[in-house]
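You will see subunit A twice below: alongside subunit B first, and alongside subunit C after that.
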Partner chain A sequence: MLSTVHTAFPLNHQKPYSAHLCSLSSRGIIANTSLLLTPTRPRSSPSLCAALPTDASSAAAATVREESEEGAALPSLLRQGPLPKHVAIIMDGSSRWARARGMPSSFGHEAGHRALKKIVELSGRWGVRALTVYAFSSENWTRPEAEVDFLMMLFESVLKGSLGDFMKDEISVSIIGDITELPQSLQKLAKEVVDMTKKNTKLDVLVAISYSGRRELKRACQNIAQKVKHGLLAPEDITESHIEQELETNHIEFPHPDLLIRTSGELRVSNFLLWQLAYTELFFTKTYWPDFGEEDYVEALHSFQSRQRRFGQRLN
Partner chain B sequence: MEKLEGKPVTNVIKSVQCFLRRCLFLVLSFGPIPKHIAFIMDGNRRYAKRRNMKEGSGHSVGYAALITMLQYCYEMGVKYVTVYAFSIDNFKRKPEEVQSLMNLMMVKIDELLDKKSIVHEFGLKINFWGNLDLLTEPVRLAAEKAMASTINNSGPVLSICVAYTSTNEIIRAINKTCARNKERIPQACINCDGDLLADSINSSISIVDLEENLDTANCPDPDIVIRTSGEARLSNFLLWQTTLSHLQNPSPLWPEFSLRNLIWSILEYQKVYSYLEAGRRRAKKDN
Partner chain C sequence: MRLGMKIPSMLKDNDIDVMDVADELTGVLTPPLQKFQSSTILKLILGFCWYLLHLVVSIVHMASCLNQLLLSCIISTGLLSKYQNLQLDNLKCLAIVVDSEEARDTTKIKQLLCWLSSINIQHITLYDMQGVLKKAIANDLKSLTSMTVRPCSDDDAQTISSQFKMDKMTIEILSFSDGKEGIGKAASFLCSKYIRGDFVSCNRSEPTFEESEVTSALKAIGYGGPEPELLLVYGPARCHLGFPAWRLRYTEIVHMGSLRSMNYGAVVKAIYDFSKKHQNYGK
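For the complex of A and B:
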C-alpha cells in the first residue's frame, strides 16, 4: 500500500527515469516486464555451472541443489507449530524507502514488487494457503497522477508477465476492491488472469486494488438490504454468516486472515479487511516493504506461532 | 485516634500527587491530547494467578485499575473513554466465571452511581454498548438505569462494551437501518388494496446510515486503542471505528497499567499525530 508520497525531487527531476521507463514500454510491455521481474529462484543456473571447471561444477551443482532443497523446506524456527493458513500484508513504506535513497517513488514500487514476488514464493513453498496483499487503497487515488499512472502500468505488466508463474506454481489470483475504478485495459487483464487461474488450488493470492474495508462492508450490507427488500430475508434473521457470504473474500477456503503484517512501522489497520480481521493476530515491523525478506517473514510467522489465540475463551 | 490523625496526611499526599499530575498533564497538553481512547483491559486473570490471588479476584483489581485510569484520562482532558469489559465470546467461558462477572458488573454499576464516585466527580455520561438482551435481567436493568440517570450529564463520556462484539453491532445496525427504511415508506406507495409496492422501499444503505445505527453513533472514532498484556489483536472490538486508530499493545497486564504507561501511550500518539490526521482527512474525502 502506498504511504504518504513525498518524492525526493520535484517531478521534472524524475524525467530521466520516467523517460527510461517510457523507452522500455515503447518496446512492448512484455519486454519491460523482463526488466521489472527479477528472478529470485535459488536454483542452479546454467551460467554458474558453465563458468566453473568440470570437476568442481558437479560439486557446486550438488551444493546448490542441496541448498535449494533446504531452501524449499520450512526453516527450523518455524517447525515448532502450525503456520497461519491465511496471511494478510499491508505493504507499506515503498515510497519512503525510495526517498531515503534519493530516488522517485516508482523505484520503491518496483522494489516492492520484487519483495512481494519473494513472499508469494515463500508462502507457496511453506504451505500458507492464502495471501492477501494491500496493493492500492481507495484513498491512494489522491496521489500524484504520475505515480498512480505508474502503478497502474506496473500492475498490468506484473499480471501479464507473471501468468506463467501463477499457473506453474498453482496460484489462483483474485482482485478485491472496486475494479471499475481501474483503467479499462487493467480491468480486462485482471478478469482474464482471475479466470485463467481460478482452478489453481495451492495458494490463493488476493490483491486489494482500489480497496476500502468500509466500502466492502457497506456493499455487503446493501446486498443484504436488497434481499430484505425482496422478501428473501427477514431483518431479524440476518446473521454474521449472511455478511460473510457478501464479502469479497467469500470465495476462498480460508477467508479470515490468521496473521496481518504491516511494514514501515505504522500501527494502524487503515481500512483493510475490516470485518475479516476480527481475530487476526497483528504483527508490526519497522522494516520498509522493499526490505521485507525471508528473515522478516520468518520472524513474523514465528511471532504468530508464539501467540496464544483464545477467541475470547479460556485455554485450560 | 490514629485513623483521624492519618487521614489529613493521606489527603495532603493525595493533593500533592494530584497537583503534580496536573502539572504533568499541562506539559503533555502542549501536544495534541486524544479525544477518545479505547482500552481492551486484558490480563486481569493472569495478574491474579501470578500473585496467587483467589480465582476471580483479578477482575475486581481490574475494576479498581479502571477507575484510576479513568481519573487520569479525564484529568488530562480526554473526552471519551471506551472499555471492552465483556465480549459475547466470553459467554463461552465456564458458567461460574460468567456468573461471577455478571455479579461483579451489577455491584460495580451500582457503585458508579454512588454520590462519591467518579461519575459525579466529572459529571460523566455513561453508555453501555452491546447486545444488552444477552445479559442477565438484573445486570441489564442496572445498565439501563445507569444510562438513564446520566443521560443529561454534559461531562466526559464513559462507554462500557458488555455483551459486545463488533460483528454483532454491525448486524444490529443493518437490522435497524432496514427497519427504519421500511418506516420511511410514504402512504402513496401503498396501493388501493393496502399492499406495499416493493419498489417503494429504499434499500440503499450509505456509510452514514450504518454509522448512525451503530452503538457508537454520536461518538467520534477512537484516536488510540490500547490493549494491555502485550496481545496484538482486536478480538472483535470496534472493528469499524478503529480502522484508522493508532494501535498500541503495551506489555503490562491491565491492573499493572500505570500513569507512566498512559503518558508513554500519549507521547507515542503525539509523535505520529499529523500522519494519523492526514489519514483521517483522506478517508473522509473518500467516503
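For the complex of A and C:
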C-alpha cells in the first residue's frame, strides 16, 4: 500500500559510499535497521481449517504441532496466558545509550540492531505473529544530512546481510511509510527483499521507515477520494471502515497491535500507528533499546498477559 | 605344607572375595544414596532461594508503592515547594481518559476537575469510550457554566461533544464517536469538497490532501480540537481507549491507576514530571 505520490529524492543524498564513511568516521552517527514491503497474503483461519477435508487437516495438525513446539520454547512465566498476536516497538534510546558509554551514536545503533535481531528471533520462536518496529520517522529526515545518509547505507547493508535469515526463519518483511523518499538503490533492494520474502508465513515483520501516522491517515483519505472520483464510492457512504481498509498495516493477518513497547523512558507514541493503537496496551520501559533483551521482552509480554485478564470489553 | 598353606590362602581369598563383594556393593549403593541426598538438599536450597527471591521482589515492589503513596501525600500537604509552583507554559491542554465503568462515579470526576482548576489548567478534554461522561457530567456543567455546543444539530444532544467555558478553564467532553468516526466523516467531507472542485488538487490526476486540510475538515464538521500535551489515563487498562487519533501525535501518556484511588499528589506529580520533559520531535 505504498503512496503513489512521487517525491524526487534530493540529489545531494546521492553521495559516494566512501565519502559518507569518511564524513561519518569523524562524527558520531546513529545507525538503525529497516525492512520491506509485501503484498497482501491471506492466511487460513482455525475455523476454516476445521472444516477442511482430511488432507487439509494434516496441515492443521502440523500447525498444532508447531504451536506446541512454540509453547515448549516459551519461558515458564509466559505460559499462563495468551501472548499478543501483534507487538509494536518504538526502539528508542540507542544514541543516549552510546553517549552514556562515551561512544559515538553509531555504536549505539549497531547495538540496537543486535537487540532487534534478538527480539525478532524471540518473537518467531514464541509465536508472536506480527512485529512492527519504528525505525525511522518522517521527522528524522530533519537530522543532519550525513547522519541520514549513513543510516540509509546501514539499512542497505542490513537488508543484504539479513535476507538469508529472513528466508531461514520464514519471516515476511514489509515496509510501512514513504519509501519513495529513500535512495533509489535502497528502494530497489527493498522491493527485491519484499518480493523474495512475501511467501514466508511464520512472522510478519513490518518496519516503519520514513513513517508518519498522520500521513498514513491522510493518504487513506486520498485513496478513498480516488475511489470516489472513479464512482466506486459515494462521499456520504464513507465510514471509518473505509479508512481502516486503506491503512498500510491492513495487508497482514493481525493489523492492530495488541501491545506497544517503547524503550528509553519516553511516554508517548510519537506519531506512530495513531489509528491502530486505539486499544493497544502501552508498555513504557526506562531501558534503552540496545539493552532491551529477552528478560525485558518477557517482562513486557507478561505485563500484557496480566493486564489482559483485568481488561473489560472492547469495541471492535 | 602346600595344603596347609593353601587353606589359609583360600580362607584369605574368600575373605578377600567377600570383602570385594562388600566393597563393590557399597560402591554401587552408596553413590545413589549420596546423590539422592545431595539432590534433595539441592532442591530444598534452590526452592528456598526461589521463595526468598520472590519475597525480596515483593518487598521491593511494596516499598516502591508505599514510597509513591507517601510522596503523593506529602505533595498534597504542600510541604514540597517545587510542586507548588508548576510551570505550565508547555501544558496548554490536558486530556483525561477514564474507563467508562469508572466514569459513572461523577463525584470523582468533579473532584478531579476542581483539582485541575486549582492548578490553573486552561483546557481539559475529558474522554470515555461509551459517552458516559457526556450524559452524566454535561448536564451538571451546564448549570455551572455558559455552555457552547458544537454545531451538529443533527446529532443526539446526549452524544455530541460539548465544550464548557468556566472562568479560566474550558472543558471538552468526548467519546468514541469523536475518534475514528470523526476521521471517517472528515474523509467524507474532504471527498465531497474534492468532487465539487474546491481543492487546488482537483486539477491533478490524483487527489492529494495536506495534513492541514484534514485538520481543517475535522474542525469544519465539529471534530476539531487542540492536541493535548499530556493525557492521564484512569482505569485498569493502560491504553487510551480510542481517544481521537489525529490529536495524539506527541502526547505524553501517563497511567494513573483506578479513578477510585486517585489523589491530588499523583496528579500534581504527573504534571510536574511533564513540565521537566524535553521532546526532540524526532530531530
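We take it that the second predicted complex is superposed on the first by the 235 of 316 C-alpha atoms of A that agree within 3 Å, B and C clash if a C-alpha of one lies under 4 Å from a C-alpha of the other, contacts with A are read in each partner's own complex, and residues count from 1 in each chain.
The criterion applied here is as follows: a contact is a pair of C-beta atoms (placed from the backbone, for glycine too) under 8 Å apart; a residue touches a chain by one contact, two chains touch by 3 or more.
The structure presented is a predicted model; accordingly, all values stated were derived computationally and were not measured.
Chemist: Are subunit B and subunit C a fit on subunit A, or do they clash, once the structures share the same frame?
Modeler: Partners clash after overlay.
Chemist: Pick one for A:230: touches subunit B only (first), subunit C only (second), both, or neither.
Modeler: Only subunit B; A:230 stays clear of subunit C.
Chemist: Could you say whether A:280 touches subunit B, subunit C, both of them, or neither, answering first, second, both or neither?
Modeler: Both subunit B and subunit C are touched by A:280.
Chemist: Looking at A:267 after the superposition, I want to know if it touches subunit B, subunit C, both of them or none. Which is it: first, second, both, neither?
Modeler: It touches subunit B and subunit C both.
Chemist: Taking the contacts subunit A makes with subunit B in one complex and with subunit C in the other, which residues are shared?
Modeler: Residues common to the subunit A contacts of subunit C and of subunit B are 4, 138-139, 142, 213-215, 217-218, 221-222, 224-226, 228-229, 235-236, 238-240, 243, 267-271, 274-275, 277-283, 307, 311-312, listed in rising order.
Chemist: Quick one: in the complex, what on subunit A touches subunit B?
Modeler: The contact residues of subunit A facing subunit B are 4, 138-139, 142, 212-215, 217-218, 221-222, 224-226, 228-231, 235-236, 238-240, 243, 266-272, 274-275, 277-284, 307, 309, 311-314.
Chemist: Under the definition above, what is the set of subunit C residues touching subunit A in their complex?
Modeler: For this pair, the touching residues of subunit C are 99, 101, 129, 176, 179-181, 183-192, 194-195, 206-211, 214, 236-243, 245-246, 248-255, 279, 281-283.
Chemist: Over in the complex, which subunit A residues touch subunit C? Could you list them?
Modeler: Its residues touching subunit C are 4-5, 137-140, 142-143, 213-215, 217-218, 220-222, 224-226, 228-229, 235-243, 267-271, 274-275, 277-283, 307, 310-312, 315.
Chemist: How about subunit B: which of its residues touch subunit A in the complex?
Modeler: 45, 87-90, 92-94, 97, 165-168, 170-171, 174-175, 177-179, 181, 198, 201, 203-207, 210, 231-236, 239-240, 242-249, 272, 275-276, 278-279, 282-283, 285-287
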